[in-house]
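Read through the structures below before going on.
Two complexes follow with subunit A in common, the first pairing it with subunit B and the second with subunit C.
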Partner chain A sequence: MFQSIVSYGLAVGAVYALIGITYNVMYSASRVFSFTAGMLGMLGGVLGALFIHKWGMNAVLGFVLVLGCGALMGLVTEILTVRPVLKSIEQHLYVLSTLAFALMIQQVTAIEWGTEAQPFPVLIPIETGTVSAWLDQKFLLPLLACAVTIAGLEYLYRRTLIGRAFLAIAEDSYAARALGLPETRLRLASYAIAGIIGTLAGFTGAQMLLAYFGNQAILSFYGFVPVALGGMGSNRGAVIGGLALGLFQQAANFLVGGIFAAVAVFAVFIVVLLIRPEGLAGAATARRV
Partner chain B sequence: MTDTAAPISQPKAPAGWLGRLEGSAWWIVLGLAGLLLPLLEDSYIGVIAQRAYIYWVLSAGLNLVVGYAGQIAIGWVSMLTLGAYTTAALAAGRVGPEWHPFLALAAGGVMGAVAGVVVGLPALRLRTFYFAMTTLGFSTIVTQVALAWKDVTGGGVGTPGPVFPWPFDPGWGFYYFCFFLAALATWMTANIGASRYGRALVAIRDAEVAAEASGVSKARLLILVFMLAGALGGVAGGLFASLQSYITPDAFTFEMSVLFFIAILIGGRGSILGPALATIILTALPEFAAPLVQWSTFLYATLLLVIVLVIPGGIADLLDFRNRRPLEKHREIVTRPELLARVLDRHSEKNTLSMTGIELHFGGVRAIDGLDLEVRSGEVHGLIGPNGSGKTTALNVLSGYYKPHAGEARLNGAVLPFLEAHTRADRRIARTFQTPRIVGGASVLDNVMIGGTIFGQATFSETLLSLPRHRRDEAHLREAALLALATVGLEQLAAVRADRLQHSELRFMEIARALMLRPAFLMLDEPAAGLSAEEIRRLGALIVAISRSGTGVLLIEHHADLIFDICDRVTVLNLGKKLAAGTPAEIRSHREVVSAYLGA
Partner chain C sequence: MSLRRRQVLAGSAATATALAAAGSFPAPAIAQSDPIKIGYLPALTGPSSSTGVGINRGTQLAVEEINKAGGIKGRKLELISRDTQSDPTKAVNAVAELTQRAKASIIWGPLNSGEALAATPLIARDKVPMLHPCWVDELIDVKKYPMAFRMAPTNTQVGKGANHYVVNVLKLKKVAVISDTTGYGTASVNTYVPMLKAMGAEVVYSNHVDAANPDLKPELLRMQNAGAQTIMPWSVNAGFLSRILNTRGAMNWDVPVVGQTTLGSGQTKALLDKPENWNKVYSNNFRNCCYVGGKLPERAAAFVERLKKEKIEFSDTLLWWVALGWDGAQMIADTFKAAGTKAEDVVAHMNKVKSWPGIYGTVTWTPQEHNGFPDQEVVMCEVNSLRDGAFNLAPGYSS
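Let's look at the complex of A and B:
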C-alpha cells in the first residue's frame, strides 16, 4: 500500500505540477490565467492514443507530433482568446474566452473521440514493472517529464538571452517593450511552450489517467491547486505543491476513501486561500485606489 | 404573473438601467404564454417549458451573482446537483425516514444556500480567476462525491427523484408548480436588482472603491447574494430531480453551467428580462433542431467566445435604443447651491478630522513622511503640492484604503481605525476620486443613489419581498438623489447612462453622490481637473456653500486660483512632508512654497 501511495501519488503529482507550470508559463507572459491548461493535458493523452494506438504510428514520431499539436494549440489560444481581450485585462474577460475555447475543444473531443476512457499504449516495450513495482514506466515517465521540464525551463530562463527576455516581459511588460523587446512574439512563444508542456503532461501521464475527455476538468482544477498554493508564477512552488497534492490525494484515497479525499483537497484549497490569498510562497500585492 | 410585473412597472426614474428593456409588457406576455401553454395539450412542449422554468429558477439567482455583482461563478451547476440529490435522497428515505417531498425540496434549498456561502467565501478575498476556479472545482467535486457515495446517491446507478403529491403531481400540476416558482424567483430577484442592494452589487462590479466609500460592505452583501443564489439553485435541483424522475451524476454535466452562464451574458449584465428570455431560448433551441443536440454544448461555447470578443455588453446593450439618442451638444452645468440647505443636515456641532504623525512608504519610497493635518467643520482646507507629494495618498489614508506605518487619525478625538474603508460612510466622511469611479452602464440617478446606501432601512429579506419599508427607502433615496443632482446642476441628465457624460459632468456627479451621505466631511480629489474656467468658478461657489452649511471640506487641487479663492486654510506638501501651513495669504507669500511649487 505504501508503495502504491508513494509511486502513484508522486506520478499524479508530477502531472499536476506540469499542468501548474503550464498555467505559470502563460501567466508570466500575459498576466492571464488560461483555462486551456487542463485542455492541453487532456489532449496530450487523447492525441497520443489516437496517433500511436489507433493509427499505429511509431511512438517517438507520435510523441513529437503530439507536442507539435500542443504548440499549435498554444498559438491558437494566444491569437484567438488572449490577444483580443488583453487591452481590458481588468475586466477579466480572458476567463470566459479561454474557458469557451477549452470547452469547444473538449466537446469536439467528446464527439469525435468518444466519452469513454480509452487505454493508452505502453510506450517503452520492456516490462519495467516486473523488476520492481517502483520502476513502472507509467509512474516514472511523468516524473521524468517533470524533471526535464524544470531543468529545461531553468536553462532557458537563466542561461539564454531569449529566456531573459521572457523574464523581462513577466517582470514588467511596459518596460520590456520600451527596451524594444518584441512582446507579442515572446508572448506567442510562451504560449507555444505552454502548449508543449501541457501536452507533455497529458502524454506521459496517460498510461495512468487514460485517454479520456473528462480529464480536462480534473486537470484544470487539480493543476491549478499547486499554482494557487505555491504562489502564481512560481514553478518551484508548482512542483512542490503538485507533488504534495498528489501524495495527499492518494493517501487520503487509501486511508479515508475517495469521497473524503476529494472533499479534503477542496477544503484545504479553500482554507489556505482564505488565510493566504497570495499562496503559501507568494508575496502580497498592494492595492491601488 | 402580474405579481412579477408589479415591482418592475413601479413608477421609477424614466429610464433606469433596469427599466431600459423591462417594460411590464414583456412580462405580461411571458406570463400569459406560461399560463395558457397547457391548452396546447402537448406534453413534449410542456416538459421543455418545465425545464426552462427550472433552469431559470437557478439562473435568476445566478444572475445576481454574475450579471449584477460580476462574479464569474462558472460552476453553478453544483447547486443544482446538491439540491437534486438532497431532495431525492431525503424524499426516498435514503437518509433516515422518508421526508415529505415539499420538506425535502425545502431542505434542498437550504443545502444550496449553505453551499452557496461555502463557494462564495473565496470571492470575498480572491481574484477573479481564483473564484472561477473554485466554483469549477466545487462542481467537479460534487459530481465525484455523487459517484462515490453510493449509500445516499446510488452512485453511477442513480436514485429516483421525488414525486410531488396532488395538485402538483407530474404533468400539468407539476408544470404550474415550476411556473409558479419561476415567477416567484423572477419577482424576488427583480426586487433585489432594483433596490439599493442591486445598485450596490453593480457598484461592487464596476467601481468597487466607490462602493466601499459609499458604505457598501462587500463581504456582507455578497454572502447574502450567494446564499440566495445557492438556495434558488438548490430548489431548482429538487424540481429537476422530480422532472427527470431518475437522476444519475451524468445528468449534471459541467456544460449545463455554461448554458446558465451564457444565458446571463447574452441577456445582458444587470438585466432580468434579458437573461430570462435567453434561458428560455437556449433551453428550447436544441429541442427544435434535432441534429444540433449533439453539438449544442459546442455551440454554446462558441456563442460564449463570440459574445466575449464581439459584444461584451450582451444583447441588452444592442437593444438599448434609448441611450443611442444623441444628447444635447452644448450642455452647461448650472449649479444651484441654494438647494444645499435641503440636501445637507445643518450641522451646528463642531467636528474635527485630524491626522498626526502619519508615515507611509511603498517599498523604499516615502509617500508620506510625518504629516499632521486637521480639517474642521465649516471650513475649506486646501491640500496642495507638486505631483507625487503625497496628497492623494494622505486622502486614501483618511478614507481607509491604506494603513500607514506610523501615526493616527482621529474623528472628534476618537481614534479612526485605518483600513475598513466601508465604515467611513457611517461616520459621514464622503469623498470623490481623482479619476471618477462610476458605474458606466447605470443611469446617473442610480449612480447617485448608491451614495445614500447607508440610509436604507429595509433588510435584505424585506427587499426580497418588496415590503413597505423597502418601498419607502426607494422613494426617499430617489427623492434625495434628484435633489442632489439638481444641486450640482445635472438633473436633466438623471436618466442618461453615466458613461455618456462628459468628464466634467462626471466630476459633479461624484460630488452629488458624496452629498447623498449628508457628509460631515467631504474630501475632494482634484475636482476642478478638466473643467472650464466658468465651471471652476461654479464649483468653487458650490464648495464654499457646502462648507458654510457646516461640512468640513478637504480639497486637493492644482488650480492655485481656486485654492486661494475659497480655502480658509492651506497645507502644502512636498515629498511627503509638510512644507507650510496657514491662511492663503500666508502661503502665497511663503518663500519656499513659491520656489518649490507656485513659481515666481
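Let's look at the complex of A and C:
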C-alpha cells in the first residue's frame, strides 16, 4: 500500500506539477491565465500514441515531434487567443478565448482520435516485472520530466540573459518594452516553451493516464490546483503543490476510496486557500491605496 | 324527357355517395404497388456508432432478401434511413421528417438508448408504431407509448443475466460490484445490488469510482480484503474496465470478472498489459449467438452461411448486432404480411406475437408487456474466445 501511494502519488503529482508550470509560464509572460494547459497535456498523450503506437515511429523521433507540435500549439494559442485580447486584459476576455480554443481542439481530437481511451506504448522496451515496482518507467518518467523541467527553467530564468528578459516582461511589461525588449517575441517564446512543457507532461504521464481525449478536463483542473496552492507564477510552489496533491489524492484513494477521494481533495484545497489565499509559497501582494 | 345538367350532377353525386357509403369504392390499383416505407434511425457515425454499423448490415441484408423474394404482397420495402450521428437532437429532427413528411408505416430505431430516450415520446405523439433494440428500461411503457415494442433485453434483464451467472451458475456468494460515476454506471449498481442481495448473495463491496482515476489498486485491495470471490464491473468505459483487469492481473488475483459487454470489446483488449488479463472474464451475450461446443445454434449457423455467401463482413463487428438488425427488419416484414400497414393493425398484430423465432432472440409480446426478450436467452460468454464475431458460452451453463 505504501509503495503504491508513494510511487503513483508522486508520478501523478509530477504530471499535475508540470501542467501547473505550463499555466505559470504562460501567465508570467502575458498576465493571461490561459486555459489551454490541460489541452496540451491531453495532446501529449494522444499525439505520442498516434506517432509511436499507430504510425510505428521511433520513440525518440516521436517524442521530439510531440514536443514540436506542443511548441506549435503554444504559438497558435498566443497568436489566436491571447494577443487579440491583451489590450483589454482587465475585461478577462482571455477566459473565453483560451477556453473556447481548448474545447475546439478537444472536440477535434474526439472526432479524429475517438472517444475511447487508447493504449500508449511502453517507451523503454524492458520486460514488465523485471524491475521492482518502485522503478517502473510509468512512475519514473513523469518525475524525471518534472525534475529536468524545473532545473531547466531555473537555469533559464536565473543564469541566462534571455531568461532575465522573460522575468523582466513578467515583472513589468511596459518598463521592459521601454528598455527595448522585444516583448511580443518573448511572449511568443514563452508560449512555445509552455507548449513543450504541457505536452511533455502528457507524454510522460500517458502510460498511466492513457491516450484519452477526456484527460483534458482532468489535467486542466488538477493542474490548476498546484498553481493555486503554490501561488500564481511560482514554479517551485507548483512542484511542491503538485507532488503534495498527487500524494494526498492517492492516500485518499486508499483511505476513503471511490468518489469520496475526490471530495477529500477538494475539501483540503478549499481549506488551504481559506487559510492562505496567496498560496503556500506565494507572497501576499500589498495593494497600493 | 329532357335531361338537364343540374339533374345529371345531382344524380351522379347521389350515386357517388351511395357507393362510398357501401364502401365499394375500389382503391386505385397504383397504391398497391407503392413501396412500404420503414423509417430507420441508425447511428452510423459518431461515438456510439459501432452498434449501429453492425445492426445496419443485418437490416440491409433482410430488406434486400425480402424485396428479392417479391416483397410484401407485391409491394417492396423501402428503408428511409437517417443517420442520427449518435446525437439525440439529430434523431429528434429525423423523427419529424419520417413520421410527418415521409409518412413511414413504422419506425425501426433509434438503435441507441440516448437517442431513443429523446425520440420515443415524439414517435408516440405522431401515432406511428415503433420497434427498437435499446436496453434502457423506461423506453417501454404500454401506457405512455402503446405503439412502442422492444426486440432486445432491458438493462434489468442484462443485470439479472450476470447476477444469475454469478450466484446460480458459478455458485459464488461474496460479490464486489463497481461502476464508474456516469449515469449508466451508478444506475446499474443501484439496480443490481438489491437484486443480488435478493438472490442470497452477499455484496461485500459496492462503489462508484471516477473512470479517470489511473490507479484502481486501492479499490481492488478493498474488494480482496472484504473477501470478494468475483468482481462485477458496470461501465462502458474501456479505459476503466481495462484498469480493473490489469490491476487484477498485477495482483495475481484469480477471481472471475462478470459484467457489461464492453469487457469483451476490442478497445478493452487493446488496453490490456498482457493477453492473460483477459482470462476468466465473462461479459453479457445472447444464447442464440454463442458457440456451444464450438458450434453456433442452428439458426445462427445458417445465418452466418448466408452472410458469407452475400460477402457481408462481420468479423470486424459482433454477430449479435448483425443478427439483431436482421431480426428487426424481418419482424417488420412478417407483421406487414400478416396485418397490413395500418398503424392500429400493426400494433394489434404485434401485441399477439408469441415465440417469434429470431436469429438473435425469441420474441413474445402481449398487450400488457412490450418487452419481448426472454430472460433465459441473456447469458454470459468468454470474452477471450471471439471468433467470426461470436463468443463461446461461458462455462457452467447446462445446455
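General remarks:
In the analysis below, the second predicted complex is superposed on the first by the 281 of 289 C-alpha atoms of A that agree within 3 Å, B and C clash if a C-alpha of one lies under 4 Å from a C-alpha of the other, contacts with A are read in each partner's own complex, and residues count from 1 in each chain.
Here, contacts are C-beta pairs under 8 Å (C-beta built on N, C-alpha and C of every residue); 3 or more make two chains touch, one makes a residue touch a chain.
The structure presented is a predicted model; accordingly, all values stated were derived computationally and were not measured.
After superposition onto subunit A, partners subunit B and subunit C are found to clash with each other. For subunit A, the partner that touches more of its residues is B, with subunit B and subunit C as the two candidates.
When both complexes are overlaid on chain A, the residue A:6 reaches neither subunit B nor subunit C. Of the two partner chains, both subunit B and subunit C are touched by A:257. Once the two complexes are overlaid on the shared chain, A:33 sits against subunit B while remaining clear of subunit C.
In the superposition on chain A, no contact is made by A:76 with either subunit B or subunit C.
When the two complexes are overlaid on their common chain A, residue A:92 makes contact with subunit B while staying clear of subunit C.
In the superposed model, A:59 lies in contact with neither subunit B nor subunit C. In the superposition on chain A, contact is made by A:270 with subunit B only, not with subunit C. In the superposition on chain A, A:100 makes contact with subunit B only, not with subunit C. In the superposition on chain A, A:156 makes contact with neither subunit B nor subunit C.
Overlap of the subunit B and subunit C interfaces on subunit A: residues 218, 257-259, 262.
Subunit A contributes residues 1, 4, 8, 12, 110, 114-119, 128, 208-210, 212, 214-215, 218, 250, 253-254, 257-259, 261-262 to its touches with subunit C in the complex.
By the touch rule above, subunit A contacts subunit B in their complex via residues 33, 80-81, 84-85, 91-93, 95-97, 99-101, 103-104, 107-108, 111, 217-218, 220-221, 224-225, 228, 257-259, 262-263, 265-266, 269-270, 273-274, 277, 286-287, 289. Listed in rising order, the residues of subunit B touching subunit A in the complex are 72, 74, 118, 121-122, 125-130, 132-134, 136-138, 140-141, 144-145, 148-149, 209, 254-255, 258, 265, 294-295, 297-298, 300-302, 304-305, 308-309, 312, 362, 392, 396, 401-402, 433. If you check the complex, the residues on subunit C that touch subunit A are 47, 181, 207-210, 212-215, 217-219, 221-222, 237-239, 242, 267, 270-271, 273-274.
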